[in-house]
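First chain A sits with chain B, and in the next complex the same chain sits with chain C.
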Partner chain A sequence: MRSPFRPDDLPEKAVLDDHRPLIRGLERRGLFRGGLSLGALAILTGCDVRQPEAVQSALLSISRFNDGVQAWLFDPNKLAPTYPASRVLKPPKFNAYYNINQVRPVNGATWRLELAGLIADRRPWTVQEIDALPQTTDIIKHICVEGWSYIGEWSGVRLSTFLRRVGADTRAKYVAFHTADDYPSSIDMASALHPQTILAVRYAGETIADPFGYPLRLRTSTKLGYKNPKWITAIEVTNTYPGGYWESRGFSWFGGL
Partner chain B sequence: MVMTVIPDAGQRLHPMPIRIMHWINAFAMIVMITSGWGIYDDDVIIRGFFFPEWARLGGWAAPSLLYHFAGMWLLAVNGLCYLIYGAVTGRFRDRLLPIRVSELVETVRDTLHLRISHEDLTTYNAVQKALYIVVIVAGVSQVVTGLAIWKPVQISGLVSLLGGFQTARVLHFTGMVVIVGFLLVHVLLSLLVPRTLWAMLTGGPRLDRSRSP
Partner chain C sequence: MRAKVGSRWIIAGVVLLACGGAAHAQSMLPGGIPPPPGMSLPRSAAMRFPQPVQVSALLHRDVLQPVPSQRVLGTVKSIVRNESGAVEAVVEYGGFLGFGARPIAVPIDAMVLLGRDMEIVAYSPRQLNHFPTFSAEGTMPVPSDTIIRVGLAKPSH
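Let's look at the complex of A and B:
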């Protein structure tokens, strides 16, 4: 049946032809924007839009309580199992909030490690200076919050050695990291001082390749994969909760193994 | 005339603590299973097999993890109370033991011939006993394997006992399959014999005094 609201004289269909690409573009953009904002809402809050606010805040409170339980369970002297070099995966697995072809390599020649916060000597460090520090190697399991895992061989200076070297206040609560890929991260001081927490510069004996965090990344055996920031540009020692990329989207802050 | 307590009024089939713990457990289990599916889907164990989004608790991994790590407290604390209650009152021994193999075979045969007798709610047949024991063990096992994959460094001894992190993860998944399998049979049978469902809500018939709750 013909709609009663439809005018008797319709404009020529052809008048639209010139503008068809524009109209299609507008529709598509609208759809895309709608999808983006919905996705962004879900991701930003780490929440499901369908869930009531009260449930969300209760779940986040329990997660904070669990962070406390995890810190209590953490034994600073407990070492993670280590493995023979023959079981090391080469190259390591890539994982980030974007794809491997979107990695923006860092120029090691101009790169500097900046220091901030409760640190006595905040002089920036070069790649060569970091390389000259005492090195240690850990062949440990990387466990992702998603469930997969692999064995990797990481070398570099122990974070505890570095923090003491620069005169960091090791009684502070947090060690925070800033990275070249805008992936803020932070860990508790006890985990930072763990002997298997290192500022890694080499993987399986070779300089770490670009996708895996060249020139400097964190590798700790006692935390989930997302607590290991890559392409570190600055380290800050602080008592103010620094949060992190995934933590602000709902993942547990402690993320301990 | 002095009123006296009726001496023969024994405990109900499902005393109040059992009913409360049963329904808390039902709620906690559903939370753990469906949020677990949300976590599973982030990195599947069986290639190509995903749980549908409508069945998952949490829109993606982070909220599913939040639910899972909240639900675990309810499940574990309630489960521990249930185990202590069952052991101390003698309920486990009275209801779940003994299981005779001959009786087990006979009940399975009867069931396959669609001869399901459920006249006496207060006595479990051998298949029921076996299923309840399996699901209690599966529940305990889920807590153990769950702890192992939550804290594989702090309790690395347990993880290596279980055969490593990925094996522990598969065991945790398998435990879920066992519990979901039980749940399907359990719910189906309770709907076929609604008196059992009613008993878990109101307590059911009174037992003679010689029996444990």
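Let's look at the complex of A and C:
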């Protein structure tokens, strides 16, 4: 396509020969020009700029390396700070990848938790059956990748207790979650077995309200907020990388704190 | 030649607008959505999953404008019931660095909870500027241990 910035009257081609050394000098600066262009693209975040595949895969490999470092640094026995009940925010803060009026409440009476993958007993669970499991309460900080945080009181069964109860292969790499709001998520097995990772059913002593994930959501003290899927409908234990909603859009998969 | 220069500026302008439009669309998507035209405040509040909250927990909260910069419009001073029985938040509104602010009464159904803050989603600052200065006459303070229901919003940034 002809450039809209091309002048009407082109200079004589012989001019190029006259200034050959100068043009070579300009070419040597191509690297800088390329760098400036990439910088300009990065600034134009509002535009739908399609980045070259090479840049994308290089950035993804750095992110995967970071995930590996985070997993290596993770201490399965180290607990996150806990707080007094007086500091609990009631109600908690709502967030999702869509607006509040698009929340679709889940019917607890017909809801079932489905199980899949490397699990011995894959029978589905009802709300009452989940409630009857041994409960634990964590007053922990929810830290969002966007920069805000709040202290919340979450109660439910430890994910480690649940996984052992259903005969999950805890040597598997991943625990994946499917949700009613189409927000797939997954965590590493070490984080899944951490004592402060729970399948929460209550907030501040009350059944979790619809906008915060009724009847079942994940709460883990060791990961950023986006690693805590709400309205869970299925849990899968797998060795195949399951990814997640934000992870497929470039967010770190490990998302550790 | 002159026309050519003009067309270049138009093309550059269109490119800038395309970028600006996309950024605008992103920033407008999340956060406190105003009531749809013609919808009453209580009906629009009902769409925002109103949650129980103790009046004492609302006092002194920052009140934000639902825009990406999350400009602080004021702070909640008290919660009152007006002559017609509707619950309102008395917001110490406007001013600069705490000087020149004045109390205005904002219907609670025009506001949302945003974590530890609140937002006014049904009125723009231009509309709020025309709100009368609050007078306690004819209103009843809502006791601080009362539980009221307030809608939610996701962050506007």
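One rule holds for everything that comes next: the second predicted complex is superposed on the first by the 206 of 257 C-alpha atoms of A that agree within 3 Å, B and C clash if a C-alpha of one lies under 4 Å from a C-alpha of the other, contacts with A are read in each partner's own complex, and residues count from 1 in each chain.
The rule is short, and it goes like this: contacts are C-beta pairs under 8 Å (C-beta built on N, C-alpha and C of every residue); 3 or more make two chains touch, one makes a residue touch a chain.
Here the structure is a predicted model, which means the values were calculated and not measured.
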item	value
Partner chain in contact with A:256 - chain B first, chain C second, else both or neither	first
Partner chain(s) touched by A:148 [first = chain B, second = chain C, both, neither]	both
First, second, both or neither for A:246, with chain B first and chain C second	first
Which superposed partner A:210 touches (first chain B, second chain C, both, neither)	second
Per-residue contact with chain A, leading partner among chain C and chain B	B
Chain B versus chain C as contact partner of A:63, first or second or both or neither	first
Which of chain B and chain C A:96 touches, first, second, both or neither	second
First, second, both or neither for A:83, with chain B first and chain C second	neither
On chain A, positions contacted by chain B and by chain C	46-48, 146, 148
Touching residues (chain side chain B, partner chain A) in the complex	39-40, 42-43, 45, 58-63, 65-67, 69-70, 73, 151-154, 156, 160, 165-166, 169
Touch list for chain C against partner chain A, complex	1, 4, 7-8, 11, 18-24, 26, 29-31, 33, 47-49, 51-54, 57, 112-116, 151-155, 157
Residues of chain A that touch chain B when the two form their complex	42, 46-51, 58-60, 62-63, 66, 73-75, 78, 80-81, 141, 143-149, 221-222, 246, 249-252, 256-257
Residue numbers on chain A that touch chain C, as the complex places them	4-5, 8, 44-48, 89-96, 98-101, 103, 146, 148, 150, 209-211
